[in-house]
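Just below sit the structures, each encoded as C-alpha cells.
You will see chain A twice below: alongside chain B first, and alongside chain C after that.
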Partner chain A sequence: MHIPDAFIPLPQAAVYWLIAIIFIALALKWARNELNEEKMPLIAVLAAGIFAIQAFNLPVGMGTSGHLVGGALAAIVLGSPYAAVFILTIVLIIQGVIFGDGGITTMGANVINMGVIGGFVGYYSFKGIKKAIGNCYVSAGIAAWLACLIPALACAVEMFIAGTFPLVPGIVAMGTYHALIGIIEGIITAGAIYLIHTTRPDLMSLEAGGAAA
Partner chain B sequence: MIDNKTFMIAGIIIAILIGVVAVFLASGDPDGLESTAFVVQGEKTLTGASPEDGDAEAIGLGTFEYDAPLPDYSMEGAGKIGDIIALIIGVLITFALILGVTWAITSKASKS
Partner chain C sequence: MIEEIYTIERQAMGNSPVHKIDARVKIIIAFSVIIAMVAYPYSVDVIIPGAIFFGFFAVLWSISKISFIGYLKRVFLILPFGIFIILFQIFFENRHYDTFTPIVDLPLNIHIYAESVEFASILLVKFIICISFIILLSSTTTMQDMLTGARRLGLPSEFALIIGLMIRYLFVFAEIFEKVINVFETRCFNAFDRRLPYNYRLKTLGYAIGTLFLRSYEQGERTYTSMLCRGYSKDSFLHVSRQRLKRGEFSFLAISLVFIILIPVISYFYL
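This part shows the complex of A and B:
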C-alpha cells in the first residue's frame, strides 16, 4: 500500500508529512531512551527483514498481490508502537529514495499508515487480545492481520480525500485485498516472533516474551 | 541462545534469502493499492484479473515526479541478476542505516 507521488496532491501530502514528522520525532525520542547496544542487533535485523519481506509480493488471487508490512511485528517484538514508526520510517525512506517504491511527497502519508497506524493498531490489539485469550502467537497473528487491514482502510480514506478514489469502492477494494494479505501477514508475524523467541528470548520485550514462556 | 554477531549475520542472511526468493517467486500482479486504482478506474473488477499493461497511477492528480536510481527493485537491463543485486543492496543499506541512526541518537544521549 505504498502511495505513489501521483496519488496525493502536494498541499495534502504536506499535511501528512507534518503529522508524520511529529510521530517520527516521538519515535526518535523512544529510540534514544529505549535502545542500547544490546538491542541494536535486533532492531537492525528486524529492519533488514522488514525491507526484504516488503519486497516479496505474494499472490492473493483476484489479480492482486500483496506484501507484508511488518509494523505489528516490530511493535510487538520491541514492545512499543514507536518501534514500528522508527523502523518503518527508515525502510520507507530507503524504498522511496532508492527504489521508487512509494512517493517522496507521499512518504509522510505512508509513514502514518504503515508505521503509525500499523504500529499502534498492532501493538495495542496484541496487548488486548493476549489479555483475552492468553496465547502469544495467536494474539500476534490477529494483531498483525488488523495492522494490515486498518492502515489499508485509512489509506482508502486518504485516497478519497485526495480525490483519487471514490469512497465506497475504494474502501471495499482496499479492505478486500488487505484482509487477504493480512492473513499471510498474521501467519508470518506469528512465525517470526516464534523464531526470535526461540533464538534470542532475552531480546524480546517482556510482554511478548513472558507470555510465550 | 546465539550471540549477537551470529544473530545479526543469520538475520542478514535470512533477509537476503527472502529477497532472492522474492526475485523468482514474487507475484507480478499489482499490489492492493494499485489494484484498487484499476478497480475504481473501471479497468478491473473486484475479483477479476488486472490489466496486463495498465497504468495504475494514471488516476492520480499529484504533480511531483522523482526518478529513483533502482526503480522497482531492479537495475535497468540487468535482468534477474540486477534484481538480486538491487535487493541485496537494499537489505544492506537498511541494515547499515538503522544501525547508524540508532548509534548516532543513543551515543548522543549518553554524552548529554
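This part shows the complex of A and C:
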C-alpha cells in the first residue's frame, strides 16, 4: 500500500501533500492540546511499536504475505483518529527516508491513505459498531478490517487518477488482497487490544473500555 | 524491514568524504533528484537523465566505499510493491498512449502491448533512480545526523522531538523483534507452516504483536522516568546549534543543483 515515487505525477502528488499537511497540522494541534507530559514519549514509543508491528509479515495464502497497517490500533488505543494521523505520519517519514518504503513525493498520498483514511475509518467505525453491538473486541476487529480495506481502495483510485494502473483491475486486486489481509489485521488487532486491555487497562482510551490512568 | 536497521546505521557510520558531507546537503540533493525524476514527463527520453543521474549516484556510492552488493540487497528489499505495479503495466492500456500494439497474445483475451512495455520501462527507470538516492542518503547519513539536518532545514520541533525519541526506540524494538523471531525459531514456529492450524498461527502472532506493543510502552515509561531525572519536560527545547555549510559543501550543493536542474531540461528540450 506504500505508493513509491514516480507512480503519481508531481502536480497530483502536490495536491495530496497539501491535503495531508492540513491533517498533519490538525494532528499536531491535537498532540499539543490533548497530550500531557507523559504521553509525548508514549507517542514516540507507539510510533516505533507500529513500525515494528508493520515488520511482521502475515501469511495471506497462495504464498503471499502482507503486513498490518496499525492505524485502527493506534486510534482505538489512544481514543482519537488524529493519534493515527500523527503516528502514521512519523512512521511513513522514517520508512520513506530511511528504508525507501513509500516515496517522498507520494508521502502525502500515503499519509492520506494509511493515516487519515485508516485512522478516521478505524476510529469512527469502531465507535459506531461498538455502540450497535456492544462488544469492544469484535468492534475493533471489524474496524481494523475496514481501516485496512478502504485505504487500499483509495490507493487504487489514486493510482487510476495518476494513470499508472487501471481502475477496475486495481480495485479488484487491491480490494481482494487487502480484504484478506484485513481479516488477519482485524483478528490480530482484536487480540492485541484484548491483551493490552487485560494486562494494562490504563493504556486504553476510556471509549475502548480502558481504565483511567 | 526493522531487522535491517543495524546494517543501515553501521553503513551510515562510515568515514568517507560522502559520509562527512553535511546532512542538509545530502537531503537536498537526494530530494531534488527525486523531484526532477518524478517531474520528468512519462517519455522514453527519461532514460537520458536516468542514466546520467545513475552515473552521479554511482560516483557518490563508490566514493562512499560501501559495497555494491549492499546496494543491490537494499534495492531488492524495496522493490516488491513497485515491481508488482510495473510488471502488471504490460497487460493494460493506459492514458499516456493513443494506440496500442499487441506484441504477445495470451489466453483469456490478455495481450502484452508494446506501448505498455515502454511505459513500464519508463516507470522502472524513474523508480530505480528515486530509490537509489534514498539508499545513498540513508546509507551515508546516520539517523541522528539526518534528524539534525532536517531540523536545521525547518522540520517542526514537535516532529523532531518525537522522531528523535522514536529513532532511539527503533533500535530497542529491532532487538526485541530479533528476540521474538529467535523465540519463534527455538520453538520451531513458522507462521507460514501449513501443517500448523491457521488459528494457532494467528493467535501466536497476535500475542507477539501485543507483547511488542506492551514492551514498547513499558520501555517508554522507564526511559521517560530517567529523562525526568535528567531535567527533561514536555516543554524542553532540543537545541540544535546553528552551523553554516563549509565552502566546499556549499559549492558541491550549488553545482549539484544546477546539474540536477539542467540535465532534465536539456534532455527534454534539446535532445
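The criterion applied here is as follows: the second predicted complex is superposed on the first by the 200 of 213 C-alpha atoms of A that agree within 3 Å, B and C clash if a C-alpha of one lies under 4 Å from a C-alpha of the other, contacts with A are read in each partner's own complex, and residues count from 1 in each chain.
Note that contacts are C-beta pairs under 8 Å (C-beta built on N, C-alpha and C of every residue); 3 or more make two chains touch, one makes a residue touch a chain.
The structure displayed is predicted, hence computed values, not measured ones.
After superposition onto chain A, partners chain B and chain C are found to clash with each other.
When the two structures are aligned on the shared chain, A:N33 is found in touch with chain B, with no touch to chain C. Look at A:G100: by the touch rule set out above, it reaches both chain B and chain C. Once the two complexes are laid over each other on the shared chain, residue contacts for A:G141 go to neither chain B nor chain C.
In the superposition on chain A, no contact is made by A:G108 with either chain B or chain C.
By the touch criterion defined above, A:G118 lies against neither chain B nor chain C after alignment on the C-alpha atoms of chain A.
Once the two complexes are laid over each other on the shared chain, residue contacts for A:L68 go to chain C alone; chain B is not touched.
By the document's definition of touching, of the two partners only chain B reaches A:A152; chain C does not.
In the superposition on chain A, A:T176 makes contact with chain B only, while chain C stays out of contact range. After overlaying the two complexes on the shared chain, residue contacts for A:I184 are found with chain C alone; chain B is out of touch. Note on the chain A alignment: of 3-11, 21-29 or 255-263, the part of chain C that runs into chain B is 3-11. In the superposition on chain A, the residues of chain A touched by chain B in one structure and by chain C in the other are 1-7, 9-10, 13, 28, 31-32, 36-38, 40-49, 51-53, 55-59, 65, 90, 93-101, 103-105, 159, 163-166, 169, 173, 199-200, 203. Only residues 1-2, 4, 7-8, 10-12, 14-16, 18-19, 21-22, 25-33, 35-37, 39-40, 44, 46-50, 57, 59-73, 86-87, 89-95, 97-99, 101-103, 105-106, 108-109 of chain B touch chain A when the two sit together in their complex.
Against chain B, the residues of chain A that register as touching in their complex are 1-10, 13, 28, 31-33, 35-38, 40-53, 55-59, 61-67, 87, 90-91, 93-101, 103-106, 152, 155-156, 159, 162-166, 169-170, 172-174, 176-178, 181, 199-203.
Chain A meets chain C in the complex at residues 1-7, 9-10, 13, 28, 31-32, 36-38, 40-49, 51-59, 65, 68, 73, 90, 93-101, 103-105, 159, 163-166, 169, 173, 184, 187-188, 190-192, 194-196, 199-200, 203. On the side of chain C, the complex with chain A involves touching residues 1-5, 8, 31, 34-35, 37-39, 42, 74, 77-78, 81-82, 85, 88-89, 92-96, 123, 126-127, 130-131, 134-135, 137-138, 143, 146, 156, 158-159, 161-167, 169-170, 172-174, 176-177, 191-192, 201-203, 205-214, 216-217, 219-220, 223-224, 227, 233-234.
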